[in-house]
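Read through the structures below before going on.
Okay, so chain A shows up in both of these, paired with chain B first and chain C after.
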Partner chain A sequence: MLRYLARRLGWALFVLWFVASVTFVGTLRVGDPATAIAGPHASARDRAFVRRFYHLDDPPRVQYAHYLSHLARGDLGQSFRYHQPVARLIAQRLPRTLLLGVMTLAFEFFVGIAVGTLAALKRGTRFESLILGATFVGISTPTFLSGKLFLIVFAFRLGLFPIGGYGEGFFDHVRHGLLPAMVIGLLGTASQARMVRSEMVEILQTEYVRTARAKGLSEVQVVLGHALRNALLPVITSLGLSFGALFSGAIVTEAIFAWPGMGRLAFESITGLDLPVIMGTVIFASTGILAGTLVSDLTYAVLDPRIRRP
Partner chain B sequence: MTRLALALTALMAALLGCRDPYQTPRFLGAGSVTPRRGGTLRFAYDADIATTDPALTNDTVAGIPTRLMYEGLVNYAPGSAELVPALASGWRVSPDGRAFTFALRDNIRFANGRAITCDDFVYSWERALDARRLPSPGAENFRLIEGFDAYRGGRAAHLSGLSCADSRHFVVRLTAADQTFLNVVAMRFAAAVPREVVEAMGDERFGREGLGAGPFVLERWEPNVRVVLRRNPYYYDAPRPWLDRVVFELSVARHLQYMRFLAGELELAHTYSLSTADYVSVLRNPAWRPYVTRTPGATIGALLTNCEMPPFDNVHVRRAVTFAVDRDSLCRARNYRITPAATLYPPGIPGHRAQPPGAQRFDLAAARRELSLAGHPEGLADEVELWIGDGDAGLVYGQLLQADLARIGIRVRIKQASNSVYYTSLGRRHTVKMAFTGWAMDYPDPSNFIEPNFHSRGIAEDGSSNHAFYRNPSLDALLDRAKIEGDRARRLRMYQDAEDILLNDAPWTFMTTPVDVHVVQPYVRNFTPHPVWNEYVGDTWLDLPTRAFMLSESRRRSGYGPLAFLAASLGGL
Partner chain C sequence: MALVDPRAIARFKKNRGAFVGAALVALVMLFSLLAPVLSPHDPNLPYRNETLTTEGVPIGPTARFPLGADPVGRCELSRLLYGGRVSLAVGFAATTIVVLVGTTVGLIAGYFGGWVDTGLMRTVDALMSFPFLLVVMALNRIIHRPGLWLVFVVLGGLSWPSMSRQVRAKVLQLKGLDYVVAARALGASHLRVMTRHLMPNLVSLVVVIATTLVAEMIVAESALSYLGVGVVPPAASWGSMLQESESLTRAAPRLTLIPGLAILVTVVGFNLLGEALRDAFDPRS
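Moving on, here comes the complex of A and B:
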């Protein structure tokens, strides 16, 4: 098991180095950061000072060595634009994106299950057709469209939600996050509802459900205690897998609703050519994905000893 | 199933079509005619800010809170480009124009109550210009101060051109006379900062938590969310400011800003809060129209043609382009949020002339005549590449320009690049033949428009500021003389003569100047758009709604539950 763990860790480090190197090479080709920092109309002398100040006039191999040595010590560098450590900028914004992510997952989980279960129980009725139609629309609607639509109708015209923003204080953050979480979760909720419905339809016809009913259990006990519990297993697996998709959905939704999370930071660093922040967010996201994959690999290895064999 | 789909479609249409709840302003003023202290003014921008350190702030958005937090020796009068004393009570210029002595006002203080002396200005300026300490983007504006190069290069511990005659008199010596130096002193980079606070915090923290001597002091900054400023009780120009607080919301998308303004959650909407559709809608709405102001922006939009690269090394081809551009169609495409430009200096800048002899104009016959003189009566054989930066507006202008130039036989291929690549390429020699360009002023003086863009000093192999690579020794000499000319009227005439040279040589085709738009809530008083400082609210006050009005509004609103509100909204169909 230890050898397996060492091998997986080694691969993870190699992938991280590869991502870091590709990002570094990519940033060498995107224009002159000194122009972005000093402004498009800065004089040549000002730009030269900026290059010298940030060591942008060093040869690329010197910059690369400097970058890797700092990265190895966990230092993501200093933002050109914010004049602050990149790690601090990420730490400021990460909890906001996580809050939105948790609210989205909760929305997907509870609404998806409720709607899917009701559709399965009302099989063959107009209600089921309505649910299937609505989930079809939910899956097909892109976030940028549903985001603006929900904002105009439910926040601006009906006044049921705040008109974007982040609010002040935890409960106000949650209140402001409801509508964006619904928008990001729309696609996931629709998928979960369809999945739960098909699982429930199958399970409600099994022998053990029939036995439970024959024993005289109430319909609520049968559905919640026996059928739904088994229908949830694939839902939980797919929720875990959808966490990566949440981040990409958040980039668009954060912009529409002015939610100040990681998505905004990544977007603004790209437009402002803030190279340390671009590299920092890429490395951070890659590390997160690698850590998730590593945990998943190790879990499988624990559950299935055949995977550990060389 | 069909009926279900129809019902769903009808519901969606009803929700989308329901009555706009904010056709009229929600709150009116109390009717007071004299300024009243109090209240919070809120507005937003679709961008984040990185710092409020006056030595580092270079962009429009960060410049807004920075201007409200910091003050310098001189400033601009409210709503005008006229220089007036600020922390200085006045200034004296030596007969040779190379030494400026600023007398400080009595009893001026930072927002923490500490008295300001001459040493604070020496410290603040040296800090801003210390290249080893801060990459200040404004440093080059101060290059005429004696000892600048030695100090910037690290060869001197102090800037020799700065000194204190006594604790109340700050003296600046220049290597050459410069009539625009007072404009430089009015820039944010020259604001006073308290030494003990900066040194205790360090530069990085000072950028986030700093304080100065401006009308407001930083109360709270939530990164990427909002900046909250409160009134500085020690502001030199009491009883201003009138507002208790200013809340500046960050990274709020344009569509959200306008919705929140209509909903009464923001007091001020500006040019960047309004889409073209919102702009037309607010102008056509008689309930909002009285609260809209439109002022000419001090920015010029243009098309540059590289004078070193064929075919634009031929002046007749450049002139043909200036005649071929239909500026009215550009303005129509933006619903007249921009106005046609015929010269370099925009309205409001000293030296501006609306239609001088030789002003650029749309004249296809003249364009064809110029092309014939250039030896291309049938148009150009080769396609020309037009560079444009990020954004949709450039693409729209590019397509209109394609059509305009096609009419005289110049085929244009559009090349869109990210702004960073675009600006880097513009400054590189022999790289860009034709591109959209422009200039937003650093300070309101004609020299700031013409020198960086057309003096041959701005040409470099890489990082050129003269993007048209235009070189004319007569113009250089004229600009060098105008820079030190002491007689204001004569000086402005010299800049107008320089503009005439440009109109004749046509390195740029002047196209448009923007119209700055602001809409305020009815209870916002004395908000005058400033030609230099964006969204300056140091003179603004709120004619706050009366208590009786608020109570009646509250009763009206509490009568609506969400369902009742839905019914009321649908009732508007």
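Moving on, here comes the complex of A and C:
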């Protein structure tokens, strides 16, 4: 298990290096960063100073070495726009997006499982068809669309939720985050529900469920204690793999609901060509995706002892 | 040899979802193809005097403008029809790239195995660790050349890894089968085995993935255009129509619902079709 973990970590580090290098090459020849930093009206002398200050005149090889050595120490460089360390900007925005992410995952997990289980229990009824239809529309609705529709219906028309922003204080943050979290989670919830349904349908036909029923256990004990436990495995692993989707969802949803998190930082850095922030967010998000995959694989190994055996 | 199992065709024909999906896709394609015929106006021409009130608010549906006007005073129906062409073009073009690259890489990796396989699949793993939307947005913004080709090249160029993985898995199954081993033993070249013996058996898998992929690519294009880094104005795309109506979300929700519904219908259509194809080719799933 330890050797497996070490190998996986080594590979993850290699991929991170790969991501960082590709990002570096991809942003090497973009416009004139000196103009972006010093502003369009800066004199030639100012621009020369900026270029020297940020080492923009160094050959790419030197810049690359400089970049990697700083990256290894967790230094992602300075934002052109905010004139602050990128790492500090990310640290500032991250908790907000994490809050959104945790709420989204909770929504996906509980609603997805509840809906999927109900559908499996009502197999062959109109209720099941209804759920299957609704979840199909759910997995087909892009986040930017559900975001705008939820905004129009739940915030503008019904006034149930704030129309955007971040609020003041923890509970207000949560209140403002409810609608965006539901929007990001809609796709995931629908696909979780479909997965849980098909897993449960299969499991409910197995012999051990029949045995549990024959022992005289109540339906609740059979479903929650025996069947659902085994249906959870793919759910948990797919949650670990959803980091990339969550981040994509955050970019779109934070733009719609004016949520000042990582997604919005990434979006603003792209429109404003704030290269260090673009590079920082790409590397950061890749780290998250790699970590999610790793956690998901490890959870699988822990929950299912058969995988641990070599 | 028939490329497609006749039993699969029979199963497909009996599927109600297949019918609905095919009908929706056909409808969207027809409307997009006939955009120049069906459009009442030039999609990029503003008719401010007729379509905007003195406060600058676009009018609702009238006889001359069946879906009303957009915030700049252009005909919403004409933009919807022309926007469909953009969405479908990007969807199909990006999917073609994914099919070509993904199938080739998966086939080569699975067939040759060994270090070729390890090298290719590790590259795939690494590419899949990139945050997709973020990288696509950044590339589009950085390269910044007007024109559709950039959007679909970037989308297709970053989406093939998962296709190549699934193709590889299928090739691994196939290459141990007797007929493939026999073909090799009879002296068929690697290329011949791959193109004549393996490819025909990959068709069903690739078609199923490609169908849902068209929907995914359309969604990605719309998301990019909605965020302002996709199709370059004044050209219409369903995503850019959503973006342009942003300031009027509250005053004229119609301008959000119309392109939104078009995207939803298209995506549901392709997804239904993809699911029906999967059920037809692989009845166990």
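Quick note on the criterion: the second predicted complex is superposed on the first by the 230 of 310 C-alpha atoms of A that agree within 3 Å, B and C clash if a C-alpha of one lies under 4 Å from a C-alpha of the other, contacts with A are read in each partner's own complex, and residues count from 1 in each chain.
Please note the rule applied: contacts are C-beta pairs under 8 Å (C-beta built on N, C-alpha and C of every residue); 3 or more make two chains touch, one makes a residue touch a chain.
Small disclaimer: the values here were computed from a predicted structure and weren't measured.
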- [ ] Figure out whether A:266 sits in contact with chain B (first) or chain C (second), or with both, or with neither.
- [x] second
- [ ] Have a look at where A:104 lands relative to chain B and chain C in the superposition and call it first, second, both or neither.
- [x] neither
Open item on the list: If we overlay the two complexes on their shared chain A, which of chain B and chain C does A:156 touch? Say first, second, both or neither.
Closed with: both
- [ ] Identify the partner contact of A:130: answer first if only chain B is touched, second if only chain C is, both if each is, neither if none is.
- [x] first
TODO: Look at A:148 in the shared chain and tell me whether it touches chain B only, chain C only, both, or neither; answer first, second, both or neither.
DONE: both
TODO: Identify the partner contact of A:285: answer first if only chain B is touched, second if only chain C is, both if each is, neither if none is.
DONE: second
TODO: Considering only touches as defined above, state whether A:81 meets chain B (first), chain C (second), both or neither.
DONE: first
Open item on the list: According to the stated criteria, A:46 is in contact with first (chain B), second (chain C), both, or neither; which is it?
Closed with: first
- [ ] Name the contact category of A:255: first (chain B only), second (chain C only), both, or neither.
- [x] both
Open item on the list: If I apply the document's touch criterion, which positions on chain A are contacted by chain B in one structure and by chain C in the other?
Closed with: 30, 148-149, 151-152, 156, 255, 271, 273
Open item on the list: Using the touch definition from the top, list the residues of chain C that touch chain A in their complex.
Closed with: 125-126, 128-135, 137-139, 141-142, 215, 219, 222-223, 226-229, 239, 242, 249-250, 253, 256-257, 260, 263-264, 267-268, 271-272
Open item on the list: Looking at the complex, which residues from chain A come into contact with chain B?
Closed with: 30-33, 35-50, 52-54, 79, 81-84, 89, 92-93, 126, 129-130, 133-134, 148-149, 151-153, 155-160, 163-166, 255-258, 260, 264-265, 268, 271, 273
TODO: Write out the stretch or stretches of chain B touching chain A in their complex.
DONE: 1, 4-5, 8, 15-16, 18-21, 47-48, 50-51, 53, 56, 58-59, 131, 135, 137, 139-140, 143, 152, 203-204, 207-208, 222-225, 249-253, 255-256, 259-260, 262-263, 265, 390, 418-424, 427, 439-440, 452, 458, 460, 462-465, 562, 565-566, 569
- [ ] Sort out for me which residues of chain A touch chain C in the complex.
- [x] 11, 14-15, 18-19, 22, 26-27, 30, 136-137, 139-145, 148-149, 151-152, 156, 244, 247-248, 251-252, 255, 266-267, 270-271, 273, 278, 281-282, 285-286, 289-290, 293
